[in-house]
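Next come two complexes built around subunit A: one with subunit B, the other with subunit C.
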Partner chain A sequence: MRIRPALVTLAAVVLTAVGCGQAPEAAFVLHQKTSELSDASRGAVEKELLNKFGTPHQLVAWQKFPFDYGASGENLVTGRNLYMRHCLHCHGVSGDGNGPTARFLNPQPRDYRLGKFKFTSTKSGLKPRRDDLREIVKQGIPGTTMPSFVLLPESELNAIVEYVRWLSARGEYEQKLVATLVGEGGGEKDISRRVNKDGESREAILKGLADFIAKDFVEEAAIAAGDVADSWVAADADENLILPSIARAGLDAKTGLPTDESLHKGRELYVSKKAKCMDCHGPGGLGDGVLTEQFWKIPGTTPEQEYAEPGLHDDWGNVQKPRNLTKGQYRGGRRPVDLFRRVYAGIKGTQMPAFGGTALTDEEIWHLVNYVLMLPHQKTSPAAKHPEKPSVASTGG
Partner chain B sequence: MGRFWFYFFMSAAVAMVVTFAVAPANNWWFPGAALSPLGKRIDDLFYLILVITGVTFVGTTIALGYVLWTGSSVSRQEQSKSWFSHGNHNLEVIWSIVPAGILLFISLYQMDVWAAFRVKSTFDAEAVLQPLAEVTARQFEWRLRLPAPSRKFKSQKEVQEWLKHPAPDDVYSVNDLHFPTGKRVLIHLKSEDVLHSFFIPKLRVKQDAVPGLVIPVWFEADKSGAYELVCAELCGWGHYKMKGQVVAQPEVEYQAYLKQLQINQSDDGVPDAPMAEGAK
Partner chain C sequence: MNTNESNESSGWLLTAVSCGGLLVIGAAWLVTPAGANGAAVTSARQVTILADQVTSAVVSTEPSKPAKGTGNFTGIVTLGGAALDLKPKVKKGDLTAKDAAVCAMDDVPDESLVVDKSTKGIANVFVYLDKAPAGKKYDTPKEPAVFDQKGCRFLPHGLIARVNQPVLVKSQDNIAHNTHTNPIRNTGFNQAIKPVESIGIKLLYDKPERLPVKVVCDLHTWMTAYHLVLDHPFGAMTNAKGEFEIKDLPPGKYEFIIWQESIGYVDRKFAVEITADKVTDKKIAVPAAKFAK
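== the complex of A and B ==
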């Protein structure tokens, strides 16, 4: 075969250009809602985020937030470096749950920007404690693609947690700024509608917006940042940690397993009106309750729209399957106290409501936890013999 | 040209032999000493094969050198007709039978080691009856399920039942497998999604995890310490990070570790009462 120097050279040049190209620059991306603002409003949000948070290369440690940045922000930099290495490919540079591998995953990686985290030890509606996030990073989430990082040193885990909190605060702050501007009529669609339908002058609207951005926006932004900061402070406050008022009830002293009596009580609660577990988790705990078959309205839409798929949806807009309780797989941890907290404060950002302190007493929650923990071991659970007939099961209790 | 090719090939061969001879002492490429008896036997096989291939290499190199040396000393005037060896029956027989004999020798010689590692009937009976854990490989971590510390299996049937149906008092962990030093332990290897491979380099243990199969794997460690556990089968984009550790520790420490794991798992959030009393 004759070797053609020209062809070889050409191939080498093409391969160098294509194969050894630069990786895309790491940059924080704007939220979808931010990009729907009018130019001036979007610019204001962008400027504010750049000033207060910087770029992935030039992080800004905004002292407004209760985060442990280290004396000169070195903790934040360590956190970023670790995040870029371990987390970025799923959770994305901006923490939007949209990294390069995200599209292949089900369930979707968490988008931190809502400021909501599902598995917490804090009271209803509150953010997670540092410990909660660290525990999730350490243990991973069984049943999802979140793996365990248990072998990372504690200092690295802490830096990652701190960086995730910071990313979340950045995203939530962005959303609050956008909400403020939308409230002032800064949405591009809104402006177009007013110009086209109501016949207002575009200049006048934009002038009004510019005035707002120049004068009141700074103050509104400060309030928004204060709210975000306060919510993170509240999450770590001791009085907001859920500690059961009584030790786990209904255990057989000899075996350490739940008594039949406790299981009957748990079953009774499971099918009861006040707990309504069955509506979502189904009579047998398979996660196939009636509510999973309906079409649900998308909250906050006018006019009201329905989700395209039937079933419950979480606050991120994904279909949220109630957990199949017979699998013995517990995403937020399998310790009794973990399950207690799930029932007590609900799972944040999902349709799992909080029962603690209101609908159920702590003792009742323990019976429910006992029942749920024994569901995968149906042979040892007398109640499970009659999944369709709660009245039969409840006679035992 | 003269003897250029002779010196070229011979110096390359000498450099290779020297490098191989000094490599183990300097810990180049070689994985270091195995830390388990079976690992040492596997290493012995490895070195046996290295010696056989080394001797073969040296022999063929000498033959090559001889041909180059004598060939280059023949003057252009006295060039005679070459010896045509292609299709020579005797040569074909020799270089088929000799390597076949060597291969046969290796395959027979290694059978004991293979059997000790893979054939179930040779496994330690106590380890088989009392498995250490069920290890489930998944993208990209090792999930562990351990029988309760107090649990004593009475029969193989019971073990099989435990593998199919988790017990309520099982203890769970992830990426961190502890076991007693100097004792043969057995795990049951599963995969939740794709092919993985359970690989502890220091103990010379490697076994593929296959979806749908439960594969018993035994190992032991002479020395206490934490050893790397890695995935040795490309299993997806996160393969490189599918890393855990196995920790060999004295029996007493191991029992204490198990106890602590169990206490942590039964935590009910009420201080000073990790194992709650019965109701009322």
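== the complex of A and C ==
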């Protein structure tokens, strides 16, 4: 579903330059994959990005890129200024998660350019709502260096969110353009291989690429822009918000605490053949399931390549330990509904799959949530030693 | 202009990356070709074409006739050289395999290169047009495609789905799987599939993809499959003998993509001319050296 006509009117004219004054200037850096393209292909990507997004000093607002970034062009400038002050040193000028302090941090600050965010309230595979991003910035991410910006006024938070969306769209657009050109054979390594191994003529290859860039690239770029825009619009659509179909199940009417029965069900599901939480999070929830010892293939590699280290990886290529559920620290929020959404939609950009609507009913997810929330309070974890015998000794607390 | 501007800009300018990046942009522009007009590009062949002429001898089953006024494209993709000896990914009865009770009931073959002993044909090679012939639109098939799992193996290993045609993900196994894709254009899918899912979970691709999308199961690392998503009917996957058939193409000149999972492109632009009411048959041999690791 395209949204152009209505929203184009919202777009401001190209935002004019911010005084630049002292050098060195902030500049967007190219994605590693972009720099690995042949010269002409890389040039085409750079030109597109400059045309549609401008520079950090001269932001080009959405009139060339079809989706709503909220309010006026000025909002984006405000967002940028705030981002530069509060976020840049971790998330980088380009939103690549590679700011000056990033290399000292674990986990790494999010690289927005994949267009993927982990902690959302939207259905499986979808981008975050504005509300999700605002909530993350407001609350921070416990257990990581991502701080809370709860003291910023709402208007500033909103402006920052728009800028994060803009940076993400820019980065994802870049990656899509690169994917298109790589598909056309524009990767420098690929060209060398074809010339050296398959005996093709370099000239012919470059001519083919030049022809593609001159003729079809514009259309491909427009399709890519539309795809990115669509996905951000879809994220904010109400039908894509996860709302549990039933209120939290398994609570004792009097105490309001989970019943033993619910905790039992949760435990059984946790180790069951149908949920297999245990395979990743381990029998006792320590985050040490069998899958953490396996070696994995790097997605999108042909021929297949394997990660150097064993263990689950996220889509950014970082080893990603399943959460230790006995610590009671949740990155995406600790309200029961937050955990419900994590299990329902999976954790995006990671190997934890979505269970909602397919493997588990909403009621079952609630029992799991009750069980997970109890785990940190279980003094000894008999279950850890006897995974085959689901046993919930205490009711937590 | 925003009032915050002046007092905020100085702070962040310092943290930044050097101006070098901008210079590079300028320079790279100059080398961007300014419209290599209409020059036809002939891609160098990566494969050996053994016979370029129309023959139908290789297709053992009688090829079907094209619909009136259109032509069919048939052929066989073979391995030029000795087949590799691939070990099964899970050996039957291997109790150390994950979820052995279900996954080691049978061998799980390595399907990265499947070669028929007698024809030397390579199975699961995708042969397709990147885009629909200019100006043409094709209806979505009404029937959903079925993508099943049995013995911790995806069935089929390769599947061509059309845009907006539901793919029903099923499972005959008595344990959970998860079906995980990372497509370029479509929304990624990473959904747990419950044991013995007989109705099927709907996976919908609403955009075409240029290359087959890899499908994995994170609970069983060895499970892989490929989905190709097209917005037209002109794509096929080679059968166990290495044969393929693409029916009812409007007459004209085409460039087909030929793609195999272990090596990627077998050919980016395999040129074929389709004549009305005729079958155009090609033999395509892929040198075994291409598969050497």
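Odds and ends about this structure:
Note that the second predicted complex is superposed on the first by the 347 of 397 C-alpha atoms of A that agree within 3 Å, B and C clash if a C-alpha of one lies under 4 Å from a C-alpha of the other, contacts with A are read in each partner's own complex, and residues count from 1 in each chain.
As a working rule, a contact is a pair of C-beta atoms (placed from the backbone, for glycine too) under 8 Å apart; a residue touches a chain by one contact, two chains touch by 3 or more.
Small disclaimer: the values here were computed from a predicted structure and weren't measured.
The partner that reaches more residues of subunit A, of the two candidates subunit B and subunit C, is C. With both structures placed on the common chain, the touch criterion links A:H89 to subunit B and to subunit C. Judged by the touch definition given at the top, the superposed model places A:P153 against neither subunit B nor subunit C. Of the two partner chains, subunit C is the only one touched by A:A275; subunit B is not.
When the two complexes are overlaid on their common chain A, residue A:A253 makes contact with subunit B while staying clear of subunit C.
Across the superposed pair, subunit B and subunit C both touch subunit A at residues 89.
Interface residues of subunit A, counted against subunit B in their complex, comprise 86, 89, 101, 139-140, 142, 145, 147-148, 150-151, 242-244, 246-253, 256-257, 259, 261-262, 328, 334-337, 340-341, 366, 373-374, 376-377, 379-380. Listing the residues of subunit C that touch subunit A in their complex gives 1-2, 4-6, 8-22, 24-25, 28-37, 39, 41-44, 46, 98, 112, 174-176, 178-180, 182, 184-185, 187-195, 197, 201, 207, 210-211, 214, 216, 218-219, 221, 261-265, 268, 293. Remark: subunit B residues 139-141, 143, 165-169, 172, 174-176, 237-238, 241-245, 264-270, 273, 275-280 touch subunit A in the complex.
Subunit A meets subunit C in the complex at residues 16, 18-30, 39-40, 42-44, 46-47, 50, 55-56, 74, 77-78, 81-82, 84-85, 88-89, 93, 99-100, 116, 124-126, 176, 179-180, 183-185, 194, 198-201, 204-205, 207-208, 210-211, 213-214, 223, 227, 231, 272-276, 279, 290-291, 294-297, 299-300, 302-304, 312, 315, 346, 348, 351-355, 357-360.
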